[in-house]
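Two complexes, one shared chain (chain A), two partners (chain B, chain C).
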Partner chain A sequence: MEINRRLFTLGLGSAVAWPALGGLTTAAYAQSPVMGGTLRIILSEPVGLVSAVSSQGPIAQISPKIFDGLVEYDLDMNPQPQMATSVEMSDDAQTMTVVLREGLTWHDGEPITSADVAFSAMEVWSQFHPRGRSTYAALTEVETPDELTAIFKFSKPSAFVMNALNASEAQVVPKHIYEGTDILTNPNNLAPVGSGPFKFVEWQQGEYILLEKNENYWKEDEPYLDQIVVLLIADSASRAIAFEAQEVEAAGAIPVSLADARRLEELPFIEIPESGYEAYGNNNFMEVNVRREYLADPKVRQAILHALDREAMIKNVYFEFGKVATGPVPSTISTYYTADVPTYEFDTEKAISLLEEAGFTPDGSGVRLNLTLDPLPYGPIYPTVAASIKQQLAVVGIEVTIRSADAATYYQRVYGEGNDFDLTITGASALTDPTIGVQRFFWSKNIIAGVPFSNASGYADPEMDEILESAAAEPDPAKRIELFHKFQVKAATDLPILPINDMPYFAVKNTRLQNSEVSPYGFGGSFSTAYLAE
Partner chain B sequence: MPSYASFLIRRLFQSFLIVVGIVIINFVVLNIPPGDMADVMAGTAGGGDPGYADALREEFGLDEPITIQFVNYMTSLLRLDLGYSFTRNMPVMQAIMDRLGATLLLMSTAILLAFVLGVLMGMIAGKNAGKPLDAVISVLALIGYATPLFWLGLLLILLFTINLGWLPSGGMKTIGMRGPWWQQWLDIGEHLILPAFTLAVFYLAIFARLMRSSVIEVAGQDFVRTARAKGMTEGRVYLRHVTANAMLPVLTMLGLQIGGMLGGSVVVETIFSWPGLGRMTYDAIFARDVNLLLGVLFMSSVCVVVTNLLVDLLYSWIDPRIGLNG
Partner chain C sequence: MTDAAVTVATETPLRRRKRPRAVFISGIAMLALIALAALTAGLFWPAGPWVAAGEPYTPPMTAPGLPLGTDVLGRDVAAMLAYGARVSMLIGIASTLAAAILGIVIGATAGYARGWVDDALMRFTEVFQTIPSFMFVIVLVVIFTPTIATITLAIAVVSWPPVARLVRAEFLSLSSREFVQSCRLIGMHPARIVFAEILPNCFSSVIVVSSVMVATAVLVEAGLSFLGLGDPNTASWGGMVANGKAVIRSSPYLSIIPGFAIFVLVLCINVVGEGLNDRLNPRMRN
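For the complex of A and B:
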């Protein structure tokens, strides 16, 4: 076990290989697992079941149960062998060699070979996966010298690829089913032939998705469960009731309202796990449109942050979920996070004097500045936070108008042509590597009209671009960490984005469910070792 | 029956024009707001690169000018092809048919329950106008009319699922249940009780209130006095003369409400995780899946038009004085 951890912290600098490991994970558990049983989980209806073509949230929760990744990450983000027995990145970070486990088969019995890996990378991830298109942008070809070896060739150093090899980021799909078809409308996206511990059985639209144990899974004795029933319950109040009535055992990705989560937690049979969401790097923040002349002065942005009592917001609006964010890299991504950055404590007088300095004096009714605020229209949390921000900013003379809209309108306003917004309270996943998940909001070359979750603030700074680009290309892990610390200091100084809350992407589960948080992807893991205690 | 035939032909032609009009209005309205399905999909996917949304638009045919999209849609509609739903990854017709059964079951149970109970309560209240029984029924109807669906639904779940443990909280059937057909139906019935009742309450209240006032009005008419004068028993007077005549406005309301019920079923289906059209429609609105929305709206406008036609036919059956040509 030690070997893996050491070898794979980005797996660079030296040749890396895992010994063939079996039963590694099971040995670690004190309690002996219960075999069999049906686990019931809740999900919003996904648009498909294949992560290789979509990074939509609900798909990422279920797809890794049907498909294995090349690797799976442990709680410290060290890769563990899954389909691949070894992954090796060259010193220049431009060649990655993947060796597959022998004897793997698809659920339909066909063998899994390096040709499937090459096809998936070249024809699927780099074409259709929304993040894969940029993660694998430098991928020029995948060589397959033999049935088990796939050699990825990159035109630029792509060290960060090592942090995106699991089932939801780089999912190997069966070539014999996808080749020569329209990949986005292939029926396999709805009824997949996979490779993971659970096989797809049926999907009753609007009702449930049924998965059953893959008897031929490569890990002996796994999966422990016989079946997973995925109930497609959309309403969060109904979900809370299903938990309370014990009609369901688990759900990930903030499945119920924060108030309900705190209420359910009081029940003796309900638990909110403290880990198993680190890889999502979920955080809430406020983007500021710095193109607006009244928001161009950093003093105004600092004033806004000083005017917000974020501790109180977390206590009262977020029901004590999360902690005050210091910058764009959430503290859960411990490898890259630093707390050593400029901070902005709650101080309305300081806020007012900063506004005065920036030349905003109160008019007759005490208003210094009128701003619009667009809450991200997913779930009830952002509108609630927006209301709280409006109230607090009024104290320092900033009059906020909240503009609620549906998703399409929101994306057009904030990310569309013309970027018609002042402030937006939103949230995103920083993912496992800042190059993949955070760079997009700060890099000036990512100011692209019409792309959701790109650089909407319009912030363009050559020094910042330089830091981000060096970090993306840097093969040395220690130097990358240093660069990302520099990045966090710069981001907290310039403040195009105001950090609010490092909000856990928590799950709710019945205490009977064990081993559900064995990876930082938590409920987006394979669940091959999950079981229901008696 | 030449009058029936010509009535039907005329009405069918009118209905066709109405449906075409509805489709045109729907198409225009759904394309007015900024943003489209590709924006939403790129957003829920967590971003992507510049080409992603455009690639989706090209795939969906959303890169064509709106007029071309309209002509394409209308021509395929004439072939009864409702297009492809990219958010559900299947043809619109299939997506609708998958869910139609569940919605029809829920709506027909609810409307039947509402109609029968509503008319009955309205009759009793109307017959006893001003007495305590009337007051009780009227207050109940008022409460039913004023209670928000989602609140009632959640409260019923709290009572019957969590506190009493008698009924399931949602879904349409117990998943994985194997058994003879009658057991399966019993199982569906058990799941149907709460959502159907929740959906029925509002309409029950409407029917009860309408029936009550209608009964009171008709009971004061000359022909009722004549019937009484003939020596008919009070029960027969109400059954034969009052009820039949008082039903007409309630029937009109029935025709109108069936369209509105689809709206109510969105809420009920969401709370009870009922796998019907309502919930899918709601999701389609937020996903801006215009094809799917147009398909659902098309099907429901056809349903409403057909129902109204049936109600008109019912009129002349219940009250032969109402001609079909009028």
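For the complex of A and C:
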């Protein structure tokens, strides 16, 4: 197997050899895996099964079991060979050469060739994948000099692409099935012919999705499991009961309420893994509409952050999941994270004096400032956090009015024309690379009315734009890291977005299930090495 | 629930037995107590319910000054309950008043005018009656964003049809009675006949129906809050149950206390409503 320096240096910045079998840790081999068995996992009903055309959460969890990615990432975000045996980025970060493994086949027996890769990149990822459209925006063509080699040509440096080559970000789909069809409505999206360790068998809407072992998978002896039954249970209380009754082995992406998670964890047969979600970089934050004149002064934003006891919020509202965030890059993205930024400890005195400095004096009833707060209308946590924020800001004289709304109204208020909001408590995935997952909230060119999860705060700073744009274009990994450190300092100084907490995108699993978190994508991994212990 | 309201008023009286006076009195006493708690909440907890009063998840009767314990954010459950009573009673009474006025106007017009006006108004009423009321409230609240005012209005909009039908029926029977005919004969203005002669005669039935509507409104508000569609800036009993639901296994009191409060309030309103029916419904008088 070829060892490729550029690939590693871009992945982590330190050189380690590819293990003989990618993706497996030594610990995993300490005990021998059990072959066979049926794994039962829980998922919310996905809208399809092909990640190449959608970034929807449930799809990202199931699709990588049916489709291989070009690479898979190990827990330190080092790329490991999957469909590709080597991926090499040129020094100017404008040419990426992918060499496929020999003898790969689709589940229908057709060979997998570089033409499939070229078709997927040009016709699918850069056209239909919500993040792929920006990740692969600079892709001009994919050359296929032979059956196994695909050469990606970019019009500008695109080093971050190396962090988006796995099955949920860059999924190779069969050209012979998609070519010449309407890709978004192709029946293959619902009953896919894939390339991964498990083959699609059937999907009973609202009940289950059945996957079975791909006997022709390229990895010898893998997958270990015979079958995966994906139970489509939406209700979180029913999920908790299924775990308690041991009717299901696992589920990812915060499958039960936080209180239930802490309760289930007490059971001897339940485990909440502490890793296997790093790639999501899940974090919660409060965006501030800096267009409002009363919020334009950074001192007001600093005062708000000083007034919040985020430790107490994590303890009581988040049931001690996650930790206080220092900025927009979560600590789980260890490559780019720095803690060396201005921080704002809980200090109501300081908050009050900052508000005084900014010219906000209390009126007759002690109120300095009236603000609205829109919680993201997904799940019960954001409204509870909003209530907690309202309560805490009242102490320093900021009267908060919480506005609850349905999703459409929320998006219209926060991201729509006119940006009719003061504060919004929300969350997002920073993903594996700040250019892909974080830049969108800070880049002034991403202030686009009507686009959810764009720059809603209206923050526009030429110096910030400069940092972000250089980081996106910088081919040298060390310099990129340096630029992102600079970015985090600036973000924490200007505070258009107030960091709340890094939130683990945790899974709940029965202790019988072994070896399931072998990548930072955790439950969004292939599960080819997962097995059920006796 | 609205159907029950109609049944109360139209049920054959002879088969019914009057409820004991003691039940009626204790219902009123309990309601008065809840109203008192709602009115004096500001005296006992001047800072409002939205302040941390102690460690979060303090169980009831374990900390001094916190007889009902604290919730997930350390708020005093007793304070939340008292301020929540305000919301429940305010929405219950205001929405019922609005619905009663709307119902009386439409019912009286239809019943007195008869003919095509009656037909048109009754078809209009039926449109509202065919839409499941709770669903309709949800739709209205989602469209107009949940605040106390919109919730009150939404509940009023779905609750007036029974009043309108009742008032219309009363008008149909009353307007052919001799005293009304004599008013017509002496050339009294129709408005005066409606407001001074017929309307006072059907007030007792309206009061009986309305009293049960208050209970329905309280339940609807609690249901909305439970679904996260209440006004997020107020303490509400339904909202308290919803917040407590997440921790029902570890801190059941957070759901049980406000749930019991809703139960008691609705029960009392019903008891008082039935008692009023016994006393005001002319067909029930001995």
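Quick note on the criterion: the second predicted complex is superposed on the first by the 509 of 534 C-alpha atoms of A that agree within 3 Å, B and C clash if a C-alpha of one lies under 4 Å from a C-alpha of the other, contacts with A are read in each partner's own complex, and residues count from 1 in each chain.
Note that in this section contacts are C-beta pairs under 8 Å (C-beta built on N, C-alpha and C of every residue); 3 or more make two chains touch, one makes a residue touch a chain.
Source: prediction; values computed, not measured.
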item	value
Touching partner for A:Pro197 - first (chain B), second (chain C), both, neither	neither
Partner chain(s) touched by A:Thr384 [first = chain B, second = chain C, both, neither]	second
Chain B versus chain C as contact partner of A:Gly525, first or second or both or neither	neither
Touching partner for A:Gly252 - first (chain B), second (chain C), both, neither	neither
First (chain B), second (chain C), both or neither touched by A:Pro496	neither
A:Ile402 touches, of chain B and chain C: first, second, both or neither?	second
First, second, both or neither for A:Gly206, with chain B first and chain C second	first
Chain A residues touched - chain C or chain B, whichever exceeds	B
Chain B/chain C common contact set on chain A	406, 409
Contacting residues of chain C [partner chain A, same complex]	50-52, 56-57, 72-75, 142, 145-146, 228-229, 232-233, 242-243, 246-247, 249-250
Residue ranges of chain B in contact with chain A within the complex	33-37, 39-54, 59, 84, 87-90, 95, 98-99, 102, 154, 157-158, 161-162, 165, 168-172, 175-176, 270-276, 279-280, 283, 285-288
List of chain A residues in touch with chain B within their complex	38, 45, 47-48, 54-57, 130-131, 133-134, 137, 184-185, 189-190, 204-208, 210, 227, 229, 231-235, 237-238, 241-242, 244-245, 247, 406-413, 416, 428-429, 440, 448, 450-454
Contact set on chain A toward chain C in their complex	257-260, 263, 315-317, 375, 380, 383-384, 386-388, 390-391, 394, 401-406, 409
